[in-house]
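The structure under discussion is supplied below as structure tokens; questions concerning it will follow.
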């Protein structure tokens, strides 16, 4: 008795996040293929993907998820791109008592205060991002200033970063928050320089910025004259083009196709290059793939798509991804995973600044606090 | 003699260096029709604007029934009993003829603010508007858009709106300008009627001397913003200043 | 005299309204032709149709021999026709001077000509630099006329120029038209002021309900009271 | 001779930026910082002006409110990408001359392309709705969306990086204050464009003709001018300027997205409102003021920087309800 | 009689129009029974809410001739009012009411302030100022994230009987849940507001507004204080928009910037108003219906279209579902082209 397993993907396929959503979709597809050895079957049940476009709008996202569960009878849902939309989807999963794998929205609340037991997340939380960066940059005697956008995402990121910086012995000298839509960074730069220039020892500005990176502008203002260095997390490839002018810059990233060394990633990279005239997979493609593989692993382990069985199976479940092994933490269903401490190398043959692996930050290297209440 | 219903004291307005109306003091009694004549640019329309509140005086005051209204905005002056028909026709172009008049009737009835009663339920207002259209010979065009009226009819509508306001003081600014000689009488007869009502006061700006002769009890002459002559028609028209500066007799 | 402008069976629709039902008349070269008629007869519409501001739906308009029925407005003007519209259409936001600059299509304003105009309309010189919108009704009328005569044109279309003008100015306007006539400018004049019409007009056309109901020499009409009463509904003495 | 005094040109608005800068100096304290902020602000102002000038021109002369303006900015940016891609040689070259050559090519191409696009806009969208602001807003908005989506379809949704030519990297050091080279270039270009626009509008009959045409096109035609062609010309010029601004902006941002045009529109609108909707000079001052204020507040009280421009606008309008230079008495 | 009371004597005028309006009305009234699944109901509710939003905007735009870009702000105030109240004080009807009242008061104050601004500045400036104020408000909403949830907005619980979990009754295998009740609250709320506005525009007050739109100078001369009337219009439309926001919050059980404050929604409202026909109230009904349907089904349509065209040059690209915005833009342009006086205007003319 072969039946259909319906997996719904909600993503912001049109609007500002279009590019990211496209990557997620491709990644998911490839993930399912890889995990099912190309058969797109689990046991003898065939997988059917239902894709819905939430345009990055929360109201639409929750409505679409409801439709997916109710009208299309999806067994399990994956998504979405925008954090706001993802947060709006959480209660819907609870109402319909169906599993939702959040990917790639980063808001901490998703596996934090807004979490419910039907929510899992393969994507990294902004906390994981911040902590990994702190671990990468933080050393005894380093004084750090942060530059972030003045809204929830920026402030949460910095506070997590601050927390994680403590143990490393580095000191957070200054926090600068610029308006979200800032395009002229001169003022912020001046404030940061004034704050850092008289600090002893190594001085670093860590930039946490969604959208066009302020790094080149900071660089042009010649921070070198005060011995100030720049640092930031990884990003999608086109956004790393400016890094090319910042060789030696350090930080921690979520994924770069040349870094992870495992069979999954090898297949992933070669196959992706093959299919998309030689472009390597990117941030969100990797995320999508991880989500796909998680779904298959879960359904296989649970031996079906019954929500309760799935949850039981997924809590604490280990599964393979292009980033190696991930684990759904029992307490908050956040997928713990490696991050990568990198140093930028300018390779004339490559358009963007290449983040070369300094060291892999393993799950146990980062302690990611649990923020949800069960 | 009866107290003036309208009075201006040293009414003055300057535009930049130019004094358009220069210390004009004048009283107007009820039941009279005063014609205001003067060369183009003498300040007649501006004088009207100062009285009806379209312009703020640089100096001097305006009194209506003894009350100083110099500081008040146009709407309040209208409610005080001043009614004005404009020189350059000034209507609600995309509303129908009858609606144009009705808005005036409604303003008079002070029902503009009623929110939840329907416009159509106010039969009395409509009938009144229709009646007025009859008086200005526009009844047959009641449902045309004002914009589509020929110039002459627009002038009539202008007067109709003024009638609807039932003011105590009528101010006509060249009411028959551009009206064919067989249509003008409609308006002129109207003005005759108003004048007949001893409680009403009429101010009339007019360039057509025959019309002035036919209607005016009194003529005042403005010249370069100043009041240069004031008196009963025959005398004023005969005065040299009018003959030269205005009628240009010397020239012809 | 040869014919400068000729309308034959011109019909005009405005929106769904049918306004002109076949207008035929001729404007002889060098003379003043009066176009008379009641309010709403269609005089303004006729002038606008000539200028190409309304499109004639039927009939032909020929100017100096060539058919200008389908001409766009600028081309009509360039053919040598100047226009003083009923509502004056002065550019309120521009100064009097700027209004006149635009009237000088061929380039600079000719000072001599300007002096000549100021002779008739002194007010314009007085308010040379002030915004046209702030002029008095009559002054606007003067500006509108001045604009049309700043550069000599073959034909001048004027729609009710005396409206709102003081008698003295009507006098000088009449002189002005006389001189233009001497300068070989043909004039088509819409006018309600019958006295002026009599003084100026050589030939006349009378409209009613979108048709020409009479055309011929001005003299005939001036002398024939019964005809006037029939056509214009006025007996001369009523309002003179 | 005239009764009314000749209209005097009023210089007060020109003093505003100077006053603001003067007040800022003591508050900031460090002179070098002040110089850096001020120069940066001026440059930013110029770039905003370059993007806004076209819009204010079109509005001031033709009373057309073109929400599609943002599209022309984006298009300019993408053209820059397309042009500079093959010119990597010139772009990478450390010689400023080569860089300038590349940028010049990009600017010209962009101006041409957006100009052409502007022609299409005028012909097929704006023409039917002259004098109807609402419909203008809608139809140009629609046009904007179409163009934006077309850009997506052609260049893909992903942001495209646009590296700044090497010669314009980094800063010139004046004592302790760093002045980015690219900003200097922006200032020069901005001033040049401003000068050209002002001369054309004041020293030629063009400005008059179009202003008259906006008030009463029929009459201008009755005077024998072919006003339609002129309108097209102005619109094309306005769009061209937007394209030019787009290139400068894209090079500054060092990346290109289809939304970048719309993102700056609110800022652009604020500037031309402050300036007096249609006044080129006003727009110029407005842009400079907005940028300067953003930098000063950004340094002194970052929270305020977020709404500094809106505050500025409200204050200005309370002072002069028509904006710095009132253009025409419009409804 | 109905004609004079309910419709305030302002009938649709035109057979075709009347029929279309009737159809829409019936479809909306019976939506839960006519269609199955969540999507149709979501769409129907959205239509109801936008009808109110657009009709209130028409009062401003079509009848008073004021262009404002701050309409979504008031919509947002409504949404946040109810949303945040429920979020922070718990899901009871009392709270819903409280939230509504708070929102109305806030809107009233803001509208008055803005209205008074409109007296100082020219129409087009007013438009631009509202644009700025609205964006400032949006910034504020995202800045006060502790209260508003910032960019992410707030998801909240509604009173028990409105939740999908709650089952009202079952017919065969079809369940009528809390959504059913919520829908009818939205529907009747919208209907009430719609007819209220219809009444207002047909009142003496409404006529004065039109007069002011036509010729404010003349209206003053008739003795109307245009200042007060315009402010009145701004306030009224703001309040109705606020109520629309409240309904929306109840329906979505979510409130946030992109769903209430975004400039795109403002543009949508403008378009619906113009497509439908400005200054015709009924236009709002048609405009909103058409547009919301397009928004929700265009993408699906295009999906099948582009598949049909697979293989052809670029066409599939243009018809790819992800390019639906392109067609929306074309809809903008086309609607202005083909319905200069709006669909209502067109239909009425059609009848001569």
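Just so it is clear, A, B, C, D and E label the chains in written order, and each chain counts residues from 1 on its own.
Everything below uses one rule, namely that contacts are C-beta pairs under 8 Å (C-beta built on N, C-alpha and C of every residue); 3 or more make two chains touch, one makes a residue touch a chain.
Predicted model only: the values in this text are computed from it and were never measured.
Visitor: How many steps does it take, at the fewest, to get from subunit A to subunit D if each step moves to a chain that touches the one before?
Guide: The least step count works out to 1.
Visitor: More C-beta pairs touching across which pair, D-E or C-D?
Guide: D-E
Visitor: Which chain has its C-alpha centroid farthest away from the centroid of subunit D?
Guide: B
Visitor: Would you mind pulling out the distance in Å between where the CA atoms of subunit C average out and where those of subunit D do?
Guide: 46
Visitor: Subunit B to subunit D: how many Å between their CA centres?
Guide: 49
Visitor: Where the centres are mean C-alpha positions, what is the separation of subunit A from subunit E, in Å?
Guide: 37
Visitor: Measure off the straight-line distance from the CA centroid of subunit B to the CA centroid of subunit C, and report it in whole Å.
Guide: Centre separation, subunit B to subunit C: 29 Å.
Visitor: At which residue positions does subunit A touch at least two other chains?
Guide: Only 18, 150, 180 qualify.
Visitor: Can you tell me which residues of subunit E touch two or more of the remaining chains?
Guide: 143, 325
Visitor: By the touch rule stated above, which residues of subunit C touch at least two different other chains?
Guide: 126-127, 130
Visitor: How about subunit E: which of its residues touch subunit A in the complex?
Guide: The contact residues of subunit E facing subunit A are 37-39, 42, 142-143, 145, 149-153, 155, 163-165, 252-254, 256, 258-259, 299, 321-322, 324-325.
Visitor: With touch defined as at the start, can you tell me which subunit E residues reach subunit B in the complex?
Guide: Residue list for subunit E touching subunit B: 4, 8-9, 199-200, 202-208, 210-211, 214-215, 217-225, 229.
Visitor: If we count contacts the way the header does, which residues on subunit A are in touch with subunit E in the complex?
Guide: By the definition above, subunit A touches subunit E via 13-15, 18, 53, 56-59, 62-63, 66-67, 70-71, 83-84, 87-88, 90-91, 95, 107, 109, 114, 150-153, 180.
Visitor: Could you please specify the touching residues of subunit A with respect to subunit D in the complex?
Guide: Going through subunit A, the ones touching subunit D are 16, 18-19, 22, 150, 176-184, 186-188, 190-191, 194, 212, 216-217, 219-222, 225, 236, 238-239, 241-242, 244-245, 351-352.
Visitor: Can you tell me which positions in subunit C touch subunit B when the two form their complex?
Guide: So the residues of subunit C touching subunit B come out as 17, 37-40, 44, 86-87, 123, 126-127, 130, 134-139, 141-142, 160, 163-169, 171-172, 192, 194, 232-234, 238-240.
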